[in-house]
Every structure is written in structure tokens, then in C-alpha cells.
Amino acid sequence: MSQIAATLDDALGAITDGCMLVVPREVSGVPMDATRALIRRGIRRLHLVALPTSSLQADLLIGAGCVETLETSAVSLGEYGPAPRFNAAILARSIKMKDATCPALHAALQATEKGVPFMPLRGLIGSDVLKYRDDWKVIDSPFGNNDPIVLLPAIKPDVALFHAAMADVYGNVWIGRQRELATMAHAAVKTIVTVDRIHPGNLLETPVLAAGTLPGFYIDAIALTERGAWPLPLPDYYAADGAHLAEYAKMAATEEGFAAYLEKYVYAKRAA
Amino acid sequence: MSQIAATLDDALGAITDGCMLVVPREVSGVPMDATRALIRRGIRRLHLVALPTSSLQADLLIGAGCVETLETSAVSLGEYGPAPRFNAAILARSIKMKDATCPALHAALQATEKGVPFMPLRGLIGSDVLKYRDDWKVIDSPFGNNDPIVLLPAIKPDVALFHAAMADVYGNVWIGRQRELATMAHAAVKTIVTVDRIHPGNLLETPVLAAGTLPGFYIDAIALTERGAWPLPLPDYYAADGAHLAEYAKMAATEEGFAAYLEKYVYAKRAA
Amino acid sequence: MTFLPEELLADQIAHLIGGVRHVAVGNASPIPATAALLARERGRGRPYVSLLGSPKNTFWTDGARELFDCAGQGRIDVFFLSGGQIDGHGNVNLVEIGAHDHPKVRFPGSFGSAYLYYVVPKVILFRTEHSRRTLVPQVDYISAPGASDPNVFRPGGPVALITNRCLFSFANGRFTLQSVHPGHTIEEVIEHTGFDFDRPANVPETPAPSAETLTLMRQTVAPQLAELYPQFAAQVFGIKLAKDLPQEASAP
Amino acid sequence: MTFLPEELLADQIAHLIGGVRHVAVGNASPIPATAALLARERGRGRPYVSLLGSPKNTFWTDGARELFDCAGQGRIDVFFLSGGQIDGHGNVNLVEIGAHDHPKVRFPGSFGSAYLYYVVPKVILFRTEHSRRTLVPQVDYISAPGASDPNVFRPGGPVALITNRCLFSFANGRFTLQSVHPGHTIEEVIEHTGFDFDRPANVPETPAPSAETLTLMRQTVAPQLAELYPQFAAQVFGIKLAKDLPQEASAP
């Protein structure tokens, strides 16, 4: 049995309308080919959790009408400016926004990783981030003295989706230093990975590679999508395509421009 | 500035009488040369936290009178039988024992790693492990319905001490898959590492090595002790010395035999 | 074919494991490790088998905590526990005999039992020594209880107990005798068991391992065991292990 | 030597960093990143500098959470925050302008501010645009508050605010004007600041960066910046970056 799917669309089968999908930040391996494939398929009503922030990926999915709820700490194109479709959707109130703070998302996924219903976190008290999250609770710490502390309920995504440099035929995936990808996979019911290439041999049999490997045990499907993070970077392998991101920022500033972008860079691939 | 100390004793300077010292389980890199050096120095009143279990290391330290409090989930020589000095000390009530369960120790160190005062853990309720730990608390989970859950206070060791295959001159240490060593170092005020050898170059500059590297930022001192885990194993490098462990089990069965073992294998090195 | 008691137990435990996805085996458990590897050989690679402390027989890359995290995620289907004492309520004692203030005997400690017994759906108890010393009416120390109040989160717990004399199943807070091993009798089981248990009118004999199973165990499983249990593999299966691991070219 | 406003700010921030062990810089913060790298060059490798999102300029190997864990351990001494709005109480707003139910403007989000502002001892606020639009009496949304009740765990908080016009210090819940940048005036600062602040009788001019500092920044720091901030490094320092990283022989 191999997790390596025949096509990208096959690999993405478990991502269904309405599911809770967790994806990583821009520099941890964003599955952009997979994101474009999901938009082409017309996925709807995603509860998107971006760990802990997002850029182009969330903006594209929101602009294409795929997202019902967004749970993250920030969406921005970084040096290329604000995330235009995210901003427009918030102002139009067309998505439900669950504003968080980065360590809260890490902790809430680690809660599921550890099989506990909640995790405590410092900070937050007195902020409006906490004020508008009625799913978060404040208790008086049993180990303190009038010491309020926030408890975050565990987040259990239906699917974790990310891009990595390589996998092997046993379904093991090399994630390097991006350890939050392991936490995402541990926390999610299913994990789908796209990779730039297939590594010959077994990643777990070489100790030095094993140290950066997420075991195939946690992986449900893998698709080969060469340079699959484009135009976002894959650290240690390729940088972001700045010219493309600047073009996106410009086109996506209006709804018409965004539609033209989708036509040119997302839907055009359907015919190819 | 280099963390690499001139001698093993120099590297161990921060481990003082009465300090809380955290050490790893048998297969994660036990610093046996360092343990023998501490016994030769005559260290006393250690609060030893073995994450989450121990074998020869705890038995030696207890037999040599170095331990005041032991916090762990089990001490045993595995295939070579019970840990004789540990058992004798418990029956003589000469050490204070804080019995735990493995995931509780992992969670309590992760609490310090994450800067929170406690961590929740499933299980435990109705056990005598919980009954005899008055530092652990049970609350009604704010996210459940009459759902009791245990909260464990964070463990913040003064020093973490372990053995690894290699370090570089920048103080980075390659820990491979033994990720709990990173948690130990993150949680402890200071971290001391013994290594079999010095790696040429910078472990963090090679992505594949960096994935298994604990950054020098967390390391206070390193000593070169070739085959420094002997007679315990260093996974991927060398196996346990079974004949020696069998000899230990036999000699340490009596107080006199244990004294002879110390003379032969620990104190003899002082002259060398 | 003749067989050793360890081989009978491993064969039985392999049957108990059944068609699951993932079996994990804790420290100092050579017979369950044999059984898990046997089940994996029979299933051509499934279930996944994780032997705590064996880098070759675990997929874990997230450190010593991954076993427990994995169990907490519901990704471990079968685990094994033993005990210095096991009582008729399924409570296990891995800590001490006597009063807690001045125990008479000390065991290694509870290991992960106080957690795993609660969260792993099928926990198989094993204790080769079947005597009134080990199988008691009430344990002196509860490392982990056999059952919990209904409001306590507990998706897991004991399903069976295997000894050198017999196999019990466990349900609704009680053990039931399932089979008696060849060469042993029901009367002997009753005599040497310190707790009450149920038994059907007819108690079958535990079936002997097949020749095929014995061959698989001796030729394929035993060499895999030797990494983690060199003494056991040597004593039971006559396997020898070099003192040093072969230096892997890839170990940096 | 002539200098750009960004160079003045980076020099001042480098002074504010002082003699600490570890400075971390979050997303989208090119000027603080310049300052931190400058401080590291001046200190011959100390402080440790961590630039979020830059594998070359972080020692982190435990994933995206390590920044926050590190801060929770008390191992980050200095961090930087900006805000769509910053008010006179030190509150920062990274989320929205207008009512929460129907905001008029949306910013990216709070990032880690709602945590790091509490636990990092020296948080330096920076906002190049110094106007009544950005420096307000009261923020519309508190991403993170400038101060907390005494019983709230809070070893950290704001120590300074730097803008394109001036430098403020922060203590006891209020800002105090420390210096006004060359080419700007106190009157201009008062006119464009939406909140009350304290000021001494004599407010000095912010010192210009030395020739030595400018050389260090342009020749040594700027090329290091280009990995993470190619546009900024190009615009301010004229650095160009190839589209692809050189393929490292060691990347598997």
C-alpha cells in the first residue's frame, strides 16, 4: 500500500466541502498547487485554520469563495502589502473571522496532539482578541494566587495539508525544521502532503534524515507537485517569486482583477 | 566564546549540591562518564528528575548517596533485573520518592518549555500515583461536563544533562530523533551536554543536520567524553554493554558489592 | 512441533491483537514484543508495531513523548501491561507491596500505565508468574485502575490477562477464564488465583502454536527481537547479537 | 555622510536594544531587522538575533512555535511591535478601525502580539507614519494592552516608541518624548500625536548615525537583510537578490 496518489485531485479527495482544514504559514511549505486544484474543484465552506498566519493561500481561497470561517493570527502579503481579498471579505462580512494570536494556535493544536481538551496560555488577558473569543475561557490558576490564565480549547482539524521537499514510497515525509507540520499531522484526523519529489529509499532508515521526517504512519495521501509551493518559497530550496506576488497584489486589488488572476493562473490549468 | 569546556569536571560546574537535575531515559543518551565524574566529586542532595525513567544512572547516583529526591516513572535495569540500589533506598526510606507516570513528566517539562504554570493530562484519576502526589491537582474541565482532569505543575530544572553523538564548536548539539532532549534543554535553566565527538563545521548550516540539532543558544557547557554513554547504549551508534550491566546487577545486589563496583569503575578513574 | 511456554503465549497474544492498525509495546516486555512482531509478519506489515526503546522498530521521530501523544490521539489500538500484582478488578500494581509508608517490596514504578491504561482501547495484561502472590484480591498500590467512574474520560482499558497457566478475558469489571494452557488444569488455575473470576461450563485448552507459526517466530521474528531483547532472544530463540551496532554510513 | 530616515531609525533602535542576550524580530519588520543585525555586528555576534521567517537568521529548529516558547521561557529580551493604531496607554491595534461588527479598515491581524507584549521584557514599538491617524487617544481594538492589572502575569511590555519624527520612552503607563529627529520639531510632534505625552524641559535632537555605523549598515547588514526583505533591501540599500536560492549541496 502506498499513500502516493496517481493525481493531485485524487490526493485531495478527503478535503470536502465544510471541512476544517489546517495549513501552515508562508515559510513552512504552503501547498499552492493543491490550493489551486481545490479552487478549480470549487470547494466551499472551508473552516480554514492557518497556523499561525497566512498570505497568498488564504487570500486566494477567500477571494474564490471557498472559505466560510477563517481562524488565524494574521493574513498579509508581507512586503507586497495587505491581503486584498481577505480585507475585502472582512469588510463585506462575507467570512466568519476567528482572530487568534500565534502561540494560541500552536497551543490549541498541541492540545489535540497530546489528547487533552485544552491548553493554558499566558498573555491575552485584557486584549480584545480574548474578548471576542467566547470559545476561550479564563480561570484562576490552581497553582497561583489570584492568577488569571487563559485556557484554549483543542483544535482538531479534519485535514492537515502542506507542501514539503520530498517523501518516500513508504509515505514518510521530510519536514526538516518545520516541526509544526508534525504537530498539524498529529492533530488532524487526516494528513495530505504535496512534495517536490520522491526520495529513493526509506527516510526513516537513515538516522540523519529520520530526525527531520514525519512518519508515513500519520500520512493519508501524497501527491507529487514539482515546485508545488510556487509562487511562495520552500525554505532551503527556492525563494518566493516576488515578481509574481507583486502582480498578484496589483491584480487582486479589485474584484475584476482577481477574477482575471484566477482565470490566468488557476483555471487555465484545468485545460492544460 | 565556545561552550566546549577544557575538562569534564569544568563542564559539570553548574551541577551543585541540592540542585534539580533532569536526565534522559536509557535509550536517549545517558551521560554516564559525567555521572561517574559527579560521584567522584561527591555531589549531594540532588533532586533527580529522570525523563521519564532511568536505569543504571539513577541506581549509581542513589547507591553513592548523591540523591535526596527522585522524581520518575520507573527505575529498573531492564533485562538485567531490578535496580538494586534504588530498591534498597526505597525500602530504607533514604530517598524521597516522587512516583510519576511517563507522560506526566513529559507534560510537566513541556509546561516550562511553553512558559505556562501547568499542563493538563488525561488518565491518572483513581490511581495511587495521583493519590500520593499532593502537588498535582484535579479540576472539573471548563470545557467538559462533570469531567475531572489532572493539572500538573511545571517542572523547571536547574540543569539538564545528557549525552549526544556530536556537537560543533558553536555549541550546537545533534540530538537526532531524541526530541525530548530539546524539551529538557528548553525547560532547564542551564544545559550541559557530553558528546562523543566534535563535528567539523556548523550543524545549523546544513539543513539536513539542522533538523536534528539543538541550537547552541540553549547550551551552557559541552564536554568531549568519547563513548560517554558506556555501558549504556547510544542509539544509531553503539549498543549497551550487556556483560558489564550483568556484572553491575550482580555486584550491586549487596552494599559491599556496590562499594567494590564504585571502587573499580568509578573511583579508579580519579587516579587515571 | 514442540514449543516453549513463551511461544504459546506469544501466539495467543498475537491472536488477541486481532486486525488493528497499530500495536505498541512498552519497556521490558519481550513476550508481547514477540507477539506484536508475529502479528506484523502474519499481516505482511500491518499492524504497525512500535517497540518502546527500539529505533529500528518504531516510526517515532518526535522523542520519548510520541508514544503517549500517539495514544492520546487515539492512534494506538493495543498496548500491554504487566504488574507486580494484578487484582480481580483489573487494577495493576507496578510500585510496591506493603504499606505505602514502609513498603516490603519495591517494583520499578508505574511507567506509562497510569495514562495508557485509560486511553488505549485494548490493553492486554500479561504476567507469566500465575500465583496468589501476583494475582491478588486487591492490589496494595493502584498504578492504574481496571475501571473508572462513568464521568472519567476513559476510552481504554483491559480486555484480557494471559499467564503461564491460562487466558482470561476482562469485561464489566471482572475476569472470565477463556482457556487453560496445555499441561495445566482448571483446578490448578483456581488454586493459584487470588481473585474470583467467572468461567463457562466448558473451558477449552489453549491451542498450541502451529508449525507455521513456530517457524515464523523462530526464523523471522526472533532476529528482529534481538536488538532490543538480546538476553531473551538468546535464551528463548538462541539468537546472538554483536556488542556494537554496525556503524551506519548514514549516521553523521 | 547623508543618511536615509530608515538608517536613522535602525541606528536608534540598535541603541535601544542595548547589551542583551537575544533579540527577536517578527514578520514584516525590515527596520527593526536592520537594527538587530546592526547590533549583532557591533557586538561581534552578540546579541543572538532571530528574524522570524528567515532560516539563515534564526537558530530555531523546533518549528514556528519556538519563538513563542523561547519567549515564554524568558529567553527573548527584546521584541518589536507596530500597530495600525497605537494609543497613549501603549495599547496596540493590529486588527481593525471602526466598530467590531462593521469595521471600516482591516489590518492583517494581531500576530503574536497578544502574547509577546506580555512576556518579552523590552518591547520596542515602531511606527514610521507619525500622525493622528496612527497615534490615537484610544485604539479601536486592543490587540495587546500597554499595561495590565497587578495580578496578571506580565514580566514584559513596552519600553519605547519610535516614529519617523521622534523617539518616545514608555513607563508607568505613559509615553515621554526623548528626542526629535533631525529636520523635525517638537511642535510638529505635538501637532501630529493624537495622545498626551510627557516631555522634559529640553528635548534633544536624535543623533545622526555615525559614518562608521552607516558603512556597517550598508556594507555588512544590508546583504544579510536581502534574504528576508528583498524589496526593502533593494529600495533602501540597492541590494539585488536572485530569484532562486543557491541549491545547497546539503539540502537532501
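First chain written, first letter: the chains are A, B, C and D, and each begins at residue 1.
The definition used in the following text is that a residue touches a chain if its C-beta (ideal position, glycine included) is under 8 Å from a C-beta of that chain, and two chains touch if they have at least 3 such contacts.
Just so you know, these numbers come straight off a predicted model, no measurement behind them.
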Whole-Å gap separating subunit A and subunit B, where each centre is the average of the chain's CA atoms: 36
Subunit C-subunit D separation of Cα centroids, rounded to whole Å: 57
For subunit A paired with subunit D, centre-to-centre distance based on mean C-alpha positions, whole Å: 27
Per-residue multi-chain contacts in subunit C, two or more chains: 55, 60-62, 68-69, 72, 119, 248, 251-252
Contacts with two or more other chains, residues of subunit B listed in rising order: 103, 114-116, 121-122, 144, 147, 149, 177, 182, 207-212, 236
Chain-level touch network, classified as line, ring, star, complete or other: other
Interchain contacts, given as pairs of chains that touch: A-B, A-C, A-D, B-C, B-D
Residues of subunit B defined as touching subunit C within the complex: 24-28, 51-53, 72-76, 78-80, 82-83, 86-87, 90-91, 93, 99-104, 106, 110, 121-132, 144, 146-149, 165-166, 174, 177-183, 199, 209, 235-239, 241-243
Interface residues, subunit A side, partner subunit B - complex: 103, 107, 114-122, 137, 139, 141-144, 147, 149, 151, 153, 175-177, 207-212, 236
Of subunit B, residues touching subunit D in the complex: 112-116, 172, 182, 186-187, 204-218
Interface residues, subunit D side, partner subunit A - complex: 27-28, 30, 53, 55, 60-69, 72, 94-96, 100, 102-119, 141-145, 148-149, 151-153, 229-232, 241-245, 247-248, 251-252
Touching residues on subunit C, where the partner in the complex is subunit A: 22, 48, 55, 59-62, 68-75, 119, 248, 250-252
